[in-house]
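Look at the two complexes coming up: chain A is in both, with chain B in one and chain C in the other.
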Partner chain A sequence: MGAQKKRAAAAAAAARVSEDPDDLARQPLQAILLADSFTTKFRPITLERPKVLLPLVNVPMINYTLAWLEAAGVAEVFVFCCAHSKQVIDYLENSEWFSQPNFTVKTIESHNIISAGDALRLIYEQNVIHGDFVLISGDTVSNMSLTQALQEHKERKKKDNNAVMTMIIKKSKPSPITRQSRLGTDELFMAIDPNTKQLLYYEDKADHSKGTICLDKMLLAENPSISLHNDKQDCYIDICSPEVLSLFTDNFDYQHLRRHFVKGLLLDDIMGYKIFTHEIHSSYAARIDNYRSYDIVSKDIIQRWTYPYVPDVKFCGNRATKLERRGICFTAFNSEIEQSRSAQVGSFTVIGYGTKIGSNSKISDSVIGEGCTIGSNVLIEGSYIWDNVIIEDGCELRHVIVCDGVIMKAGAVLKPGVVLSFKVVIGERFVVPAYSKVSLLQQPTVHDSDEELEYADNSSGTVEFSSIQGTADQSNGEMTSESSEAHKPKLGTGGVGYIWSICEGGQEEEWRHSVAPIPEDKLTELSEAMDDDQELVTQDRTALSTSGELISDSNASEGDDNEDSKDDSVYFEKEVEATFLRAVEENVKVDHVILEVNSLRLSYNMTSADCAGAVFYSMMKLAIKTPHSSASELQQNTANIITTWQKLLKSYLLEIDEEIEIILKFEEMCLESAKEFSPLFARILHILYDKDILQEDAILRWADEKEGADESDKVFVRQSEKFIQWLREASEEED
Partner chain B sequence: MPDIQALVSDLASKLRKRRVQGSYETARLTAELLCAVILQHKEPTTNGAASLIEAVRRVGEQLIAANPVELAVGNIVRHVLHIIREEDLSPLTDIVGELKLSAEDDVEDIAEDENSQKSSATTDGCLLKPPLLLAVFEHLPDSATACQTFSSENIFAGKGKKLKSELIKAVNELIEDINTCREGIAEQAMELIHQNEVILTLGHSKFVKEFLCAAKEKKRSFEVFIADGAPKFEGHILAKELDKKGLKAIVITDSAVFAMISRVNMVIVGVHAVMANGGVIAPAGLHVLALAAKKHDVPFVVVASTHELCSLYPHNLEVLLNEMRCPSELLNFEEFSDCIDYGIASSSSLLHVVNPAFDYVPPELISLFVTDIGGYSPSYIYRLIADYYSSEDLPPQQKPAS
Partner chain C sequence: EVPKALLPVANRPVLSYVLEQLELSNIKDLIVVVEGADAALRVGGWISAAYVDRLHVEVATVPEDVGTAGALRAIAHHLTAKDVLVVSGDLVSDVPPGAVTAAHRRHDAVVTAMICSVPVSGLSEAGSSGAKDKTKKPGRYNIIGMDPTKQFLLHIATGAELEKDTRIRKSILRAVGQMDIRADLMDAHMYAFNRSVLQEVLDQKDKFQSLKQDVLPYLVRSQLKSEILINGAPQGQQAKENGNDKVSYRILANASTPSFHELYALGPNGSAPVRRTHKCCVYIASNSKYCVRLNSIQAFMDINRDVIGEANHLSGYNFSAQNNIIHPSAELGSKTTVGPHCMLGEGSQMGDKCSVKRSVIGRHCRIGSNVKVVNSVVMNHVTIGDGCSIQGSVICSNAQLQERVALKDCQVGQGYVVSAGCEYKGESLARKEK
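== the complex of A and B ==
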């Protein structure tokens, strides 16, 4: 019997070991989980509860991360707690994470840390990381397998000691309109060596207004091939070698993982540390960075892309939910809900334990937490309602986040993008305006040190209290003046809470990161502006360096003109002008300028007539900009410039058509942008003739063409009548 | 018992996280775990069987709750409970008469022995608890008078030890059965597969593979059509394995089963679970195959081991017994995320991917079950279930969880 006992136990043990997917058991894999994002994007909610404990489809976020780490074969996780560290530690202690076999969770607590960099420096001091580790933040949802990425990392490390980090990336097309990824993060530019997968360039804050990104030319010189992506998403899962921690300690100014550390390593070629990428395709990985990604990731979870981390699988002691078929798709239900017969619960909805839903209420695409009471005739669409919320009859909620303990009195309406923080009370029939954030706490004037002011520009500056927002009070219809109790009537009768003023630059950016879908008018507005942007992005704009002064007036002309070809030529003209001005400033040889203009011509697909026009235009612009006091001086300047650059101009004057184009261009300038030239028209025409830029045939044909035109068009023909007359006679004489 | 609890929660978490899948694997692990539970179960002085049943049931509930879709867990738990009840009965038959006698003696002569009095009260409790047992005891012949000389305590200690060792032996036999069920099934291959036949199967089932290979080893020559079993395409694996064994394998798509069925002599498939009414829960796509077979009067043979025998009836299938797997098996997440049209104000895509794992095939479509204990028709399954499980344990889910 004893033998049997042993055998059975051994068999069980053997089975357990063989089930573990990691053959990397030699060195147990460690992970650092940052339970603080060091940002303020989830305010005001994060003032009361740390971000990692916010429920994501009714499960606190950190559970997704921990469950994935455990499944990925990580043996030991250090959870770094900073803001609200007590709450995080309490939560973990009461969860089952501390009692897992083969998976240890340890917490590191610190209060005066203001950035990820500081956190890693602290961990380095504690000397707990001994081998490769996974660096992740507690708001990441993934189901990828680490095995391959880890193996690649180890092999690379063996060959090249400088390969300190492997970054997990994923394809994700940014929207051409909003320049945002699906998750609401900014468009990210990465340059990657397609063969070695080495990361060469990383830019997440590219300036879209200029539409340029600057690559160091050394990148192109040193790497035989390089591919530049804007369709990759950074999953914020990094496999790091222990050196990374010491790097943070050496460079004590590194704060942000990406902006400082990654960019720092990429720029610093003295140490030669390298970062590599590992792209995942079918598996899921995403970080919840803002309200929009909260919305998107929730939807992905409900649609089961994060399988097995889905509502009906108990991956971390969450309550069992069941799927029920609604239409074609599925809704996760807890068995213990009370639902009125006439309530309609649509697809892709999760409803938590002990929630009551009244009659005729409609719920779709939403997540409802535990113990909520929802009255009758309530409409809930695309919203996230946390635990113990009371929603009275006739409320409407569209694309909002409602935290624990909120009470919405009858008939209250939340417009898209609203965030109600803990225990706020919204008064009867009060309408909360779109994108407002409501909290019991006042908007802080000085930020507490718990959370770093990474986006200091966003949050500093004007702080108004909600009392100013009195106009928002629509149920009372009158301004109340009791300033001490000001917050109460602001949210309707019986309402409790402050409406936070939207931060500086607010409304503009608010829609980008909100739970609400991007409003239609924003989209149309953006897509109108997009035409221009796209042009700019596709072109290599490095040539455009110094001048910005002249763009303004050409912009004016492009504003009311939407034809593509016209746009093209405007851009082309600007480009040529910039090239020309630079050439003048830097004394570039004429031949080189010709070369540059030629390449522009090819890229815009322009005729040589366009080139001639553009070059001439630039020359004239230069002339008019050169300081002058009188018309004769201007004429002199023009003559000089023409003399200097005649070779450039001539190289585009292959036929008579181009010459006519120049005259027409000149005429146009005199009429519109450079009126100073108009009295000099005839004389400059003469100069051009003298310099052999224009032939008499061209001028004569121009004059002939103008014969039938309107009187107003003939101004310059009149002016140069004498000259033309003279030309005609001269040609007749020759005959 | 922290040790056992650790083992239980370990297996439960593995089941929960879908790290253990497939009826064979789950059945084996569950049986091994229950064996350990029985081994470590601390015997109370009285009523060993009942407390053991309670312990096993508690563990079973945890495991079943961990992944209700994996029906093999419940099957093994119920089977072990059945074994305990049976074993509890058989040694008792020897003892019972004597016990009854000693109890009667005690009632008559209370002052005789304090020890025996103490135990008699408990004995009565034990006997009264399971009414079924009592009913059995009534009909026992009074042949156990020989044991009368034992003191009650000795009897109980002996009984407990005996029960436990018998149980361990029985559960080990069960494990052995689970391990060898494939051979048991494969033995019957020769009777079913004839020379130059064409077999059709879907996906990858280890039972089917062993079954086919067994026939091949006996020098039968036949062809196998393999429907690839989307979305996992495990049929490709089976095809490669059969090719190694020298079997002629032809891969077709799932949707081509109707096109090929007229050339097939027999369909052989493996399933996820056999329901009490003789229907089966099987990988998605099998219902179509079964219908195709029915349409062309091709025999539809299900190979299943006894641990796949499930005492549940297939009510409310979508909710209870299906599993929605990850949609990325069907469609790459990349492609999905690219489909989001930013022109539409709603950020949620209208594109959805649903990936149910199982089909239910009703008993009318099944010709024969080949199990490790022989071939049965679907209408006989309820009898097998009566053999394998005790009625008290059926179905444990419906009993309110304590």
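== the complex of A and C ==
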């Protein structure tokens, strides 16, 4: 690694020495193409076939990307394959890509990679990137020219060695109602310096609950003028300097390109690395991130926005089709189509080789692959039908995706948003409900909403698949004949496949990313929600302003700050509780728990009083969760837990203040979260005293402190009056 | 001791600059609001003497410490026209108020604020005393967010908010798509308000004290979700002025053109006709215009210097070939030089071997021999003894400097006597201290 760094440094130095810009340009341009998106948005299809090989207007997506890279002057492409790597490599080997002049495609294969970050780290180790490179994923369609962006990137780099990346962006205003762009991606907020085009702020996956964008004051101190954009779309095409790879290696926790890497660089002011943007105006660039963008990009291709990568122009990997003019729109036809006279094929439709269309069928705004058989009286609208699909008479398909080898028996209906994965069979007259996903493979049962695992799932999908594939194929016949109880009712008579249940939380999001247009009622619902939103914002704002001038303003902001720190302490408490519960379950040694809590304390910057409070809180929580029938049982449980874990608690009770903190915490719990304790307050206090967790000083000081408090606050002091009295007397006696 | 509005800038009260600009824009009916009865009397006296036949001026008095919003509340019943222009009395500017009102009416806005660039150059050129400022960053007065066409005001942060992280509401950003945020502009305290809206806001929010810090941010915040009724039937227009001696004007001008906002229906606020919105506009003064508020001693000196220097078209005097103004009745001793960017008032006398650089000297001053005056403002009837040296200082009226006094970056109060041979640096000397 050191050697490479040196080499990179030497190369950079050489570049700076040589004034001739041509010299720089002559360095062959490299590209890294990630043939895995590390997401699960295209499931269940991607369980069987990698995303980059999915046909987009009858051409595998990766061809669009590769064709563009070739045209943009890239000399060498490293295709990084992960999930289904064998399929990708096989495909590439059989394609013409390996035999192009002046354009080398090399594959890098890995199976244990779970994120883009890991992929880039691996590529760094392979030491194949020597200069600026284009980082792109294999599902990007573009026809932009890289020359200008590249030139800008190089010039910036010459002036400022920290300018490591240029992001391509494009104007695209998200709908204010759905808050997502045309491509179905979440709205994106960016702050860009209008003069230098430096990216200063990046927020995707916007937190809808937060109504404001918070710009650091330093940002404005350094840049007198900033443009905030909500109307730009990230094309996910990046021109990177070789440093980017080493940055990934240095920061092993960078996984996601945008969420971690870009944000990491923007926040990190020590290294001072900068990211710039390049806006394209007339050319096309879009990434297929979900079903909706699949739909939109397909339409753009048919409508020729992506020229020259359109159905009727031959580029690598497709066969040129004939265009027929229909009114002002185009419909692409292949010569070898058997079409019944009475079939109506509408505008913006592409139909592949060897497809047969029966009489009285209507097809519009759709893409139909090769070798399909479509019966008569079939209605197909806005749908994507891949190769060798058999659709029997009288089926209706609206806004759906149908993968290879699907059989739809007569009269079956697909509601909008349905996705049928490979070789699914839909029974006669069966109606597949909207937004359902049907696959021969069962839905992976382990569903972790944890974001990190989103990536992991996919690669494990590979393994899962390879084991299942064989059985699935073999058992295919069996399954049909078996027609097990579970399937039959699901997909109708003779149906084969599983309807995936929509995982919780995903349900409301389903319509956002589906191929189907957003239903009207959703739109009205959302716009109403937006109104409410607005109201909320102004309401709390006005509440703030009616109360007055500067003073209340600063008060409010203090409140904000408090909230922040409160948030922190809440998180801290939760973490401690989780740690503690795990310790209880797994019988972790007390010393280890102390160590873990200490590290939490450091990372959240908490005092040991906070730790004591949090640990005590978790202990009490555990006590309350342990099943109990009566108050005395609860008391017994508490006593047991305190006895077991007293060492842990004591390790944070260095001073009397912490002990008081515990009493206060306990009081708070009794009042709020764990009212069951309130009758036991005095007794548990006694237990704590007996176990030497609380000293009498602490209890007495607490009682003293409470002396002046409100009546409502004194409930527990009252309750433990006897005990306190006893303590006082005891200490007097000692004296 | 002198109301701020009457502080002399190039030997004219600062208020006169505002009044002149308004007069140029044909805004002639005005209300001058002054805090405190005493000050009101003096301002009123001066105005009636100077503008008796040219402008229709009412002088209104409001109690002290009511703030700019309070002042407007107090005189609200005087206002009748549809639109009201509110200007601070200490604004020295050559931006035509007419342009601001025009922008306001064109968009049928609720409020239009004039925004100018922060006077960076002015401060850093402030000679010896300015050296300090050079090392500082240019001051930040406001953080202003505008739409890309720079016509609408979308976000404004003032005062204490500047020290915090800027929070920008996403809802407005969604509506606009792109927002330009500038930290190098400032609110010049010249606003055009829709009168009925202004009165409604002032009535409803009785805690609002300042236009700049309360009313304007409130209007900007609520522009997508308007809570105010826009019902101002055009009755004629009105302009009004306000400052720390809040001045306000009232005009009967040509009938307004109410249908203009239809053209802007596609503006950021027009996009959602279901929701009530109102427009907040900005008028950005071009960089070549001069626009400074007299709100500190430093600003006072800067303005004095600029008005006789680079912004001399404001002063209304004719400059001599040496780029300075020496009143014909002023007497200069032998070998006394008055440099460029200087002004010497009527009836002032200077002894031998004096030198004056980049300074303003008022009327009827008596200045001895061997006196150096650099980067300073000397008001009327000041006596300066022989051998004095004055740098970067302000000497108020009737003050007396005895022999060989050396002042640097000082302020000398009215009627104060500086005894012979004293040297002061960076102090303010006033009678009470004696």
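As a convention for this text, the second predicted complex is superposed on the first by the 465 of 735 C-alpha atoms of A that agree within 3 Å, B and C clash if a C-alpha of one lies under 4 Å from a C-alpha of the other, contacts with A are read in each partner's own complex, and residues count from 1 in each chain.
What we mean here is this: a residue touches a chain if its C-beta (ideal position, glycine included) is under 8 Å from a C-beta of that chain, and two chains touch if they have at least 3 such contacts.
Quantities reported herein were computed from a predicted structural model and do not represent experimental measurements.
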Partner chain in contact with A:Leu215 - chain B first, chain C second, else both or neither: second
Partner chain(s) touched by A:Pro194 [first = chain B, second = chain C, both, neither]: second
Contacts of A:Lys173 with chain B and chain C, given as first, second, both or neither: both
First (chain B), second (chain C), both or neither touched by A:Leu228: second
Touched partner set for A:Pro433, first chain B, second chain C, both or neither: neither
Touched partner set for A:Pro28, first chain B, second chain C, both or neither: neither
First, second, both or neither for A:Gly264, with chain B first and chain C second: neither
Contacts of A:Ser283 with chain B and chain C, given as first, second, both or neither: first
Chain A residues contacted in one complex by chain B, in the other by chain C: 173, 176
Complex contacts: residues of chain C adjacent to chain A: 137, 140, 143, 145, 148, 159-171, 173-184, 205, 207-210, 213-214, 217-218, 221-222, 224-225, 227, 271, 275
Chain A residues within the chain B interface of the complex: 1, 4-5, 8-9, 11-12, 15-16, 19, 67, 71, 100-101, 143, 170-173, 175-178, 182, 281-284, 292, 295-296, 299, 303-305, 307-308, 310, 312-315, 320, 322-325, 328-330, 365, 382, 517-520, 523, 527
Chain A-facing residues of chain B, complex: 6-7, 9-10, 13-14, 16-20, 28-29, 32-33, 35-36, 39, 65-66, 165, 168, 172, 318-319, 324-328, 332-334, 336-338, 340, 342-343, 345-348, 352-355
Complex contacts: residues of chain A adjacent to chain C: 173-174, 176, 179, 187, 189, 191, 194, 206, 210-217, 219-221, 223-231, 530-531, 533-535, 537-538, 541-542, 545-550, 553-554, 557
